[in-house]
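Here come two complexes built around chain A, the first alongside chain B, the second alongside chain C.
Moving on to the complex of A and B:
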């Protein structure tokens, strides 16, 4: 390596670190605030050195609502995505194997549904949920998240199933295997990375979802993002300690998941077309 | 004896493309039958119809004398070796081989000795505990064949199983396949577009062209006296030379190379356009004077040395020809002008309409 290219490399890395620090600064601030008192949070200039306290987390544990919001976020995202994966796997197999004439069109429609801005569908959905009495209903909220997770999952899984040769299916069928056998004993074990990618990608989406939970949900199904908008105030002011501690609790699961499964996110973001990493 | 497989007027089309066209086929039991044809002539579709993976638009498919046209794939009791290895990556080699038996409800204890015996036959015992991705291409092919023949049945279908393997591996597997067919005393139905494979393996050969069986019979008969121009053209290595000719009223055939006398089986009228064919082995280069030999000046455009023999590419009157000669048959050959000689008896004549044989050259 020449001296000039060495310098360029160092400068490039310094720039990258600078960008990372700028983007990470608000996250670091909120995590540090989770361990401060209200006065310490509001202190000017901001305190970098302080005596950390776990009181804010104790407050969350003691607050029955906070536990429920966390639980709602958790079960809604996991169960909805699992349902979506089950439905999407069957749909993706059909799209991949049965050469339906309208496959490309249907896949396009599926993707379009996912690409439509949320505000464009929220009013009709709100009216529908209200008319059917589904607002603030756990199963209805679950159905919505499952439905919203299906398009991405179908796209990702179809890409993976296309990669499994039809000869595998045919060998099983000629030897007496049923279509269910082909689905669950032949194809499913070969698309593990696709299932993980679809699961992670949709899990993060549902975990972060705010708008539909706010409008279609209610107190019984409120998740953490919505709780920030409705449960932030106490004693007439912003409850910064609650916000900081809750945010810290809220961002830890996705951070761990993203760190562990980052290569699968690439698969999700490219609809399964880039699979080399997994 | 009841034929193992019969197709009666079977047709299969996809949209407007007719892939299998009113096809008739009869494969005798306990034979090594090769279905041979150029790529995309319908071989795989034919096998899909035979195995039940696809259904015909019309016609009847019989297995062991029974109509199975509407019988599900898994109930036809066929051993199957697919075109690619299709070994399940999540199973070990042993589990892959045992797979057809597992689907039939055999227990682990029952499959073990059968798998071990089959593996021993194919010399892959040492691979049993490995996963397919730990095996080489040749080993994978042996595993795929083992899985295909492990079933206790009398009809085995092998869909171009040696494609993509190098010749040395294929050569070893040729012997193994023939041995297995002998020891199992079963019907093997093997598709290929490789003339060498067909010539080495086939007991009976069925030539498929544009969705129809144009010729079928024992290999010796089909190779020595091809009844169809496509058989003549494709079944041989290198492929036979085919060029146009015109029959004259006086039983002479005029070609761009020379005119020769014919012995026609049918009363073909003069002025009829025909195909004239000759195998590369029957074209002599710079031959000594010989009575009856038809001669023609040519230009040698390329000489390919295959070790034991030479493949010589020739041009004469805008016709490209190939000749094969042994090293010891000719003096050193170089590109440039030369002369070829062909015995008229080596020239076969086929009708351009339908492609069937109508006679030969005569001295």
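Moving on to the complex of A and C:
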């Protein structure tokens, strides 16, 4: 775009903001609804101006189930992603530096795991978890989520490790460093952004995950998305105030994350295959 | 006495721990060199990933392949070898073909609309570098695609509510038409697709911005100076540079769209009738409501093969893009 005169630039920026607000409107409406009482939500015509209430959030805090499901969402995603990062870092280094025959094949398999419909993947796992009595076991759920995060992490970290020159490795080895030294003291410090991007986006994916938790999990490991499909009804109808408040609580963290880590959004949403600035 | 003054005990205590850590470190260093062999080391660091991969992937998949040749129902509990009968019955099942063609319409229409909108808005946002509040604006714009599909499904049920939902209110006051989007056979598919479009158009905007960002600035400036008409710039400068990232984005969106489950499951669960019944929803119902796992395994394997085909195409384009980038560098 060329430099336009003042008012045209202003008009252009206003247009951009208009587009942004149109896309954000549904979310804004839900956040607004979270501050309404039941009667205000049911009001016709819908209320835009009203007296906000925090009762819905108090209800969430008071509800022991809501707290437990939120806690499950939180610890499952963070710990699983940390495990996945450790495992994936080692694997990505092996794929990047040793010309293994299986590299291309394994990278392909990992990528195709991202492409398969989740419901096709969950069938054999469901059988396995049922047979071994692993359903509703926190550790089994955690291990699954670690597995779930590995393909993306390997892809993204391999990209970043490829970007670190092999000369660093060679120099360290020639000077008497062991390969572990190369791994943790030479390569690891240089791929910080890759680790951050992998951590952030896996966190979002596990945070959003629904189907596997529904089928492989149970009451003890249930996360919020599953509770949306099973626990939202009270007295036969939808508990809309609770829905609005709970969705608000649940969607705020990803929004904050993409505000803070906006430059990783592209790499995160494309499996680490596309890099660039937005 | 002189010895004691020469080597005061306090001095010993200061040097000893240090010595110990040094020897400890040296021992550690010696041990860490044991795995330096160029064959042992990669095997060693691949062990954890192989463990996860084999336990959570290879074994279950093999199990599923085996099961796809059996009649196996969790409810009835009878097992019977069927050979390829499960596959045959999928091929001749009209429900499967209906769900598949619905899924193709879902993917085709959805991806086309999202790509076109994404391209238009992406070009619009191309010059937004000095937009006030850009970071906040982009966050709000890109929010839909990082939201939990389940939460989106639930809150669109609130927006689409036929009595007090805001969508019905707007259509009633503006168009004079009452709507009940999720229970009306005629518009349910469109209503759900609209939500999908809302969620994923920002992704295509993101991809378009990335693609445009990959066009060399020098070439654009040269075209600007030479006053080359817009269409020519598009064709000879922007398209050759931007096409790979665009194709990757479209392909990724196609695959994800093909996988859609959570969103529709929460909004309509395939209804009303079966107007929004996509292939993933059908498979979920067969496997976890009818518990017909032999049949479902066969279906899952067919989807797996589809995914492998998609992945091959994706990697092919990715490699083309990589070669292009290396050529530039």
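What we mean here is this: the second predicted complex is superposed on the first by the 248 of 278 C-alpha atoms of A that agree within 3 Å, B and C clash if a C-alpha of one lies under 4 Å from a C-alpha of the other, contacts with A are read in each partner's own complex, and residues count from 1 in each chain.
Methods note: a contact is a pair of C-beta atoms (placed from the backbone, for glycine too) under 8 Å apart; a residue touches a chain by one contact, two chains touch by 3 or more.
Everything numeric in this text was worked out from a predicted model, so none of it was measured.
After superposition onto chain A, the modelled positions of chain B and chain C are compatible, with room for both. In the superposition on chain A, A:117 contacts chain C only, with no contact to chain B.
When the two structures are aligned on the shared chain, A:93 is found in touch with chain C, with no touch to chain B. Judged by the touch definition given at the top, the superposed model places A:65 against neither chain B nor chain C. Judged by the touch definition given at the top, the superposed model places A:204 against chain C, while chain B stays out of reach.
Legend: residue contacts after superposition of the two complexes on their common chain; A:179 is shown touching chain C, with no touch to chain B.
Shared-chain residue A:230: touches no atom of chain B or chain C. Touched residues of chain A, counted separately for chain B and chain C, are more numerous for C.
Per the superposed model, the minimal spacing between any CA atom of chain B and any CA atom of chain C is 7 Å.
Judged by the document's definition of touching, chain A residues 173, 178, 181 lie at the interface with chain B and also at the interface with chain C. For chain B in complex with chain A, the touching residues are 48, 51-53, 73-76, 78, 80, 82-84, 86, 88-90, 99-100, 103-104, 147, 151, 157.
Remark: chain A residues 165, 167-168, 170-178, 181, 186, 189-190 touch chain B in the complex. Those residues of chain A lying in contact with chain C across their complex are 1-2, 12-13, 15-17, 19-21, 23-24, 26-27, 29-30, 33, 41-46, 86-88, 90-91, 93-94, 97-98, 100, 108, 111-113, 115-121, 123-128, 130, 143-144, 146-147, 150, 154, 173, 178-181, 183, 204, 207-208, 210-211, 215, 224-226, 228-229, 232, 238, 240, 243-244, 247, 250-251, 254-255, 257-259, 262, 265-266, 269-271, 273-274, 276-278.
Taken together, the chain C residues at the contact with chain A in this complex read 29, 32-33, 35-36, 38, 41-42, 45-46, 48-49, 52-53, 56-57, 59-61, 63-64, 67, 74, 121, 124-128, 131-133, 135-151, 153-159, 163-166, 169, 173, 198, 201-203, 206-207, 209-210, 213-214, 224, 245, 248-249, 252, 255, 258-259, 261-262, 265-266, 279-280, 283-284, 287-288, 293, 296-297, 299-301, 303-304, 307-308, 310-312, 314-315, 318.
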